[in-house]
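Take a look at these structures.
Both complexes below contain subunit A, partnered by subunit B and then by subunit C.
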Partner chain A sequence: MSDNLVTITVDEQKITAPAGAFLLPVCLENDIYIPHLCFLEGMDDPPASCRLCLVEIAGESGPVASCRYRVREGLEVKTNSDEILRLRQLAFRLLVSTNDGSCRTCIANHSCDLQKIAKYLHQPLKTKRLRHIDRDYPALIDNHPFLVYEPKKCVLCGRCVYVCGQLEKGYKLDFAQRGMDSIVSLFGSELDPASLECETCLACAGVCPVGAMSSKKKWRSFIAELGLN
Partner chain B sequence: MMQPMNSAKEKLRLLADSARERVRELKESPLPVIYVGCATCGRAAGALATIAGFEKALQENGLEAQIRQVGCLGHCYAEPLVIIQNPGFPPLLYQKIGAGEAGILVRSFLKDGSDPCYEYLIGALEADENFPTLMDYPRYLYENRVVMEHCGLIDPEEIDSYLAVGGYAALAQGLEKGGAWVLEEVKAANLRGRGGAGFPAGKKWEIAREVEKTPKLLICNGDEGDPGAYMDRTLLESNPHQVLEGLALAALAVGAERGLLYIRAEYPLAVTIMERAIVAAEEKNLLGADILGSGFSLEVSVFQGSGAFVCGEETALIQSLAGNRGMPQPRPPYPAVEGLNGLPTVINNVKTLSTVPSIIRRGWQWFRAIGTEDSPGTAIFSVVGEVEYPGLVEVPMGVTLEHLVLDVCGGIKDGKEFKAVQIGGPSGGCLPAALADTVIDFDSLKKVGAMMGSGGLVVMNEDTCMVEVARYFTDFTQGESCGKCTFCRIGTRHLRELLHSITLGEGSLDDLADLEELSQAIIKGSLCSLGKTAPNPVLTTLRFFRDEYLAHIEEKRCPAKMCRTLIAFYIDLEACARGCDACVACCPTDAIFTTSNRKKAIDQLKCVKCGECVYVCPPEYDAVRRVSPPEMIPDQGVEPLTEKEESQA
Partner chain C sequence: MLDQLLAALNATERAAVDEEEYNILQAIVEELPAFPAEVSQLLPILQSIQKKHGYLPRLALNMVASHVRTTIAKVYGIATFYNQFRFNPPGRNPIKVCLGTACHVKGGEILLENFERRLEIKEGETSADREYSLERVACIGCCALAPAVVVGEKVEAYVTPSKVEGIITEIEVRKEMAAREQVKNDAANE
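Up next is the complex of A and B:
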């Protein structure tokens, strides 16, 4: 990346940005919201996996993920064409079609990115247009000493896997299984997580956009509170 | 001009001369030589038992003969295949030789020398007035074997047998003329990648060659995973040195110092054979440091893939090599620019690399003369399914599907009707017989919604339900999706659910619209080509076999009578034979009973529609009928035989 500034056009708005920066954060900084789940500020190599940040770019043959598209002089971007909107809405419907949709009893209620995106895309959080697919996992996996994981809420964005890998503390979250059975596995390492810095780190829980990965302590007190109300 | 004595070509000539000498000794052996096809397919068909049979019979009859293991000729329908070279006879090819037949061949042909056992004979490998030759068969006549020329004829474990047929001559030539020349030849030949997408190999090499970063890496992609496809396995097992020569030439053109063979671990024999081939080539200085004194070095090793279909995708393959979970990465950067560990990495399919030596040896003009203008060369298909002669077929690009299925592979089995082909594996499409005049090349297949793929071709007859075929392939891609991107992970699952409910007769017309909308979105929105091509079987069946979808939805009828929920079995009393009990014995749920006139009938409440009775009913009666929808069962007014009658009988 260089310090050269370039001018790009996003939805007819002229924007100045450093050449080579990723398009998604550039748009976000300029108050152009593009929905996204898997992207985190500072990623060198965004996974482009949630497919919510698709945009149209003049000269590209199809929609591209803005999270890892680098800006260059004269770029013409459309973030809100009918086709893009349809694709994003469908991607969103696909995501919620596999979720348990229990917002009221969820630790991330009101701070959940899915709720935010639903509002933006005018989509309900429980889709009627696709049948519900129940993932073949328990609602709660809590055999980690400091974390709880709720697979039915997970959107497989991989943020937790990314931050855990960045920290290089010997223990690493990773994906397991294939297809719809894909899941974040808490025990990819043979090491005992109790002996590691998970207790003080909890970075994975901090970046989860939907409340699928939480600090065990916080989760317990949240559940206790729910019980009281 | 005289070549200097120490040139690569001269060194190779010495190697080739001694190889030819050794092979001549074998060819002119006063003892018979028995070649047994022992690739994985041959072994599965019992080739090792055949060898044991030969050994035992030779010993019993006090005879001596050499037994050699060779690779695969590609004639799956005729395995185990044996070639016998008996002095005084041309080399003869025999089919379906088990241990018993091996004994007969030894006694009748090798011992007495009088009877070449015509009953097992396919033909002579060389023209001979006393025997039919292979060219008398359409299969051999129509094929054009370039890549598979020596498969099944040479010993894959013996480097001399490859050297003796001109092996590594292309490499020596390439080393003398340099990598830039090799690159230009392959570019001029317009060799397109045989892994499926058809990207020009020369172009890929050029991109990597021009990147300044070193060291560069050349990978041979042997992670073949399409259901029913086994071209790469056969090439690895039957002519490993051709792969290595192609790899070395590609590395030379790219300027790579390391070569890697990525072979799936489910191909243990291919792994062993390739590992041994690397050692043999290194011993002769055809790989390793300073190859043939040219100054060019190439270290080659084998890496075993751990069984994920998606690892055939370049970027996932690189992740897997790096020790990570095999998940595709967005491109760009393309691996040729920034691949494994950030270094330029060229990944070519086994077939692509196997084609390179002959291009270099015979020149790009020769290659361009085969096939079509935009897709020169040959295509290798593993033709499976309902054809008379399934197996590996190498035909020039540009032949029609009809020619491939009906002429080369002998047409449809059992006099059934040619209904469709599924070409290109789970990423490919289903084409109806009406489109059988479609020309086989990269672009024509794409136009009709299918793709060349890596060469899987499943032939189907009228008994195959196209909705079920779409469901099967969608189930496969869903199960092999890496789970990374939303469209592929969840989208293909929805496709599968929709297709499944249609096969159960629970679909609606809205489902068809949903299938199409989802498919288009998955194509546009997915991250890698696994997702981007996964809906092809759905879209092509919807396009060409919509009437079958409608029959399932509107009439609850499966026209191919395949979807279990929508069919029923009954026994035609006219055809059923008194006293025959075959079906009763095989029925797992005791649903078949004897009627008052001592014929058989099926209790529909007990029947689980397994279809076993169809298979066991003797062909002379052929009395079990399938109907769809189930209500079509005629009322035959059958009553069970009473116990009293039964005891009297």
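Up next is the complex of A and C:
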């Protein structure tokens, strides 16, 4: 690997990185934080759907998603210009405009990526600048024996669908519907004997950046705790 | 296969599978082997089921998934992505509200809402008595009559929210007349 290391400049800081690596993880490793929701380490084909990791690169005609931009010699990257901040803020507002934002009763409170990014972008979790759209879904879907899914908290990043698809008998969950009605569906899992394998896996709950997909066991004890306090 | 699936349902769900649905599912079990067991056949299989039986019963998705060796979530994801698939049996009077460009501009969306409120069902659903089903369609080719609604086979032109009640009443009146006719004929025959 050492012979194809390249040097790039990110916000005036020189960084050495393997050629061809994606820019986002390279920056993260060098303690340059770029907000992101849909990217997961090890993805070959990042979906680039959250639009929070946009950066400016000298020579590119517009902002690019750093999660699928490959590093090459001499790259000059800017991650914190005003324009980039405004674009990220807009992307963030669009995301939270369909989100329910009830943090105090959420299992991911204080460990939520959305909260972290809100702080980083100086944006409230309940945006007033866009109309709030309450998606027509139940607050809780719990047909799966070991998982609970809360559609109103979901940012549809697709991490859970990705990790499940990486497994040998994957795609026990997948996107369903389309457009504004898109949802991650565990349809039919209560009828599928393969769901029993989920008990020891729960990878989908582990990668959820918010509190939308959780282990049923953990969720139950969390709810019980809430009731006590 | 079918009985296995039924056994896995909980009691209320099993009770919801009536004889008609059971027969449809039974038929699908027999139809499936005719299709190659490949994921690429997913759409043709779903289309053929819908064409023959009018809708995709929930358990049919499970059967299709195991036939093409993929997961139920995947089949459900694909089936819900396309507007052409429905998951409820069609009603005796299918109502299709056109939401093509012209009808949309002329307020088709409001008509759909009116029908939803009047029939107490949502778009894509069938009323409990199987009398009505409500759907949205994208252009029925008579934009000059916008906003248009298709009731059964008949196109209703220049529909306004105030005509919604009239359309439903007309269907109800015709139903009532047919019922009385039936009673009269029965009486005459006896």
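Everything below uses one rule, namely that the second predicted complex is superposed on the first by the 216 of 229 C-alpha atoms of A that agree within 3 Å, B and C clash if a C-alpha of one lies under 4 Å from a C-alpha of the other, contacts with A are read in each partner's own complex, and residues count from 1 in each chain.
To be clear about the criterion, a contact is a pair of C-beta atoms (placed from the backbone, for glycine too) under 8 Å apart; a residue touches a chain by one contact, two chains touch by 3 or more.
None of the values given here were measured: they were computed from a predicted structure.
K.L.:
So, does A:216 touch the first partner subunit B, the second partner subunit C, both, or neither?
P.N.:
Neither subunit B nor subunit C is touched by A:216.
K.L.:
Is the number of subunit A residues in contact higher for subunit B or for subunit C?
P.N.:
B
K.L.:
Which partner chains sit in contact with A:174 here, subunit B, subunit C, both or neither? Use first/second/both/neither.
P.N.:
Both partners, subunit B and subunit C.
K.L.:
Go through the superposed model and pick first if A:192 touches only subunit B, second if only subunit C, both, or neither.
P.N.:
second
K.L.:
A:94 contacts which: subunit B (first), subunit C (second), both, neither?
P.N.:
Only subunit B is touched by A:94; subunit C is not.
K.L.:
Tell me the contact category for A:159 with respect to subunit B and subunit C: first, second, both or neither.
P.N.:
After superposing on A, A:159 lies clear of both subunit B and subunit C.
K.L.:
Is A:133 touching the first partner subunit B, the second partner subunit C, both, or neither of them?
P.N.:
Once the two structures are laid over each other on A, A:133 reaches subunit B alone.
K.L.:
In the superposed arrangement, what residues of subunit A touch both subunit B and subunit C?
P.N.:
Common to the two interfaces on subunit A: residues 174-175, 177-178.
K.L.:
Within the complex, which stretch of subunit B touches subunit A?
P.N.:
It comes out as residues 308, 325, 327, 329-330, 478-487, 489-494, 497, 514, 517-518, 521, 524-527.
K.L.:
Sort out for me which residues of subunit A touch subunit C in the complex.
P.N.:
Residues in contact with subunit C: 169-178, 185-192, 194.
K.L.:
Give every residue of subunit A touching subunit B within the complex, in rising order.
P.N.:
So the residues of subunit A touching subunit B come out as 45, 47-52, 54, 62-63, 65, 68, 83, 86-87, 90-91, 94-95, 97-98, 130-131, 133, 155-156, 158, 174-175, 177-182.
K.L.:
For a test of understanding, state which residues of subunit C touch subunit A in their complex under the given definition.
P.N.:
5, 8-9, 58, 61-62, 65, 70-74, 76-77, 80-81
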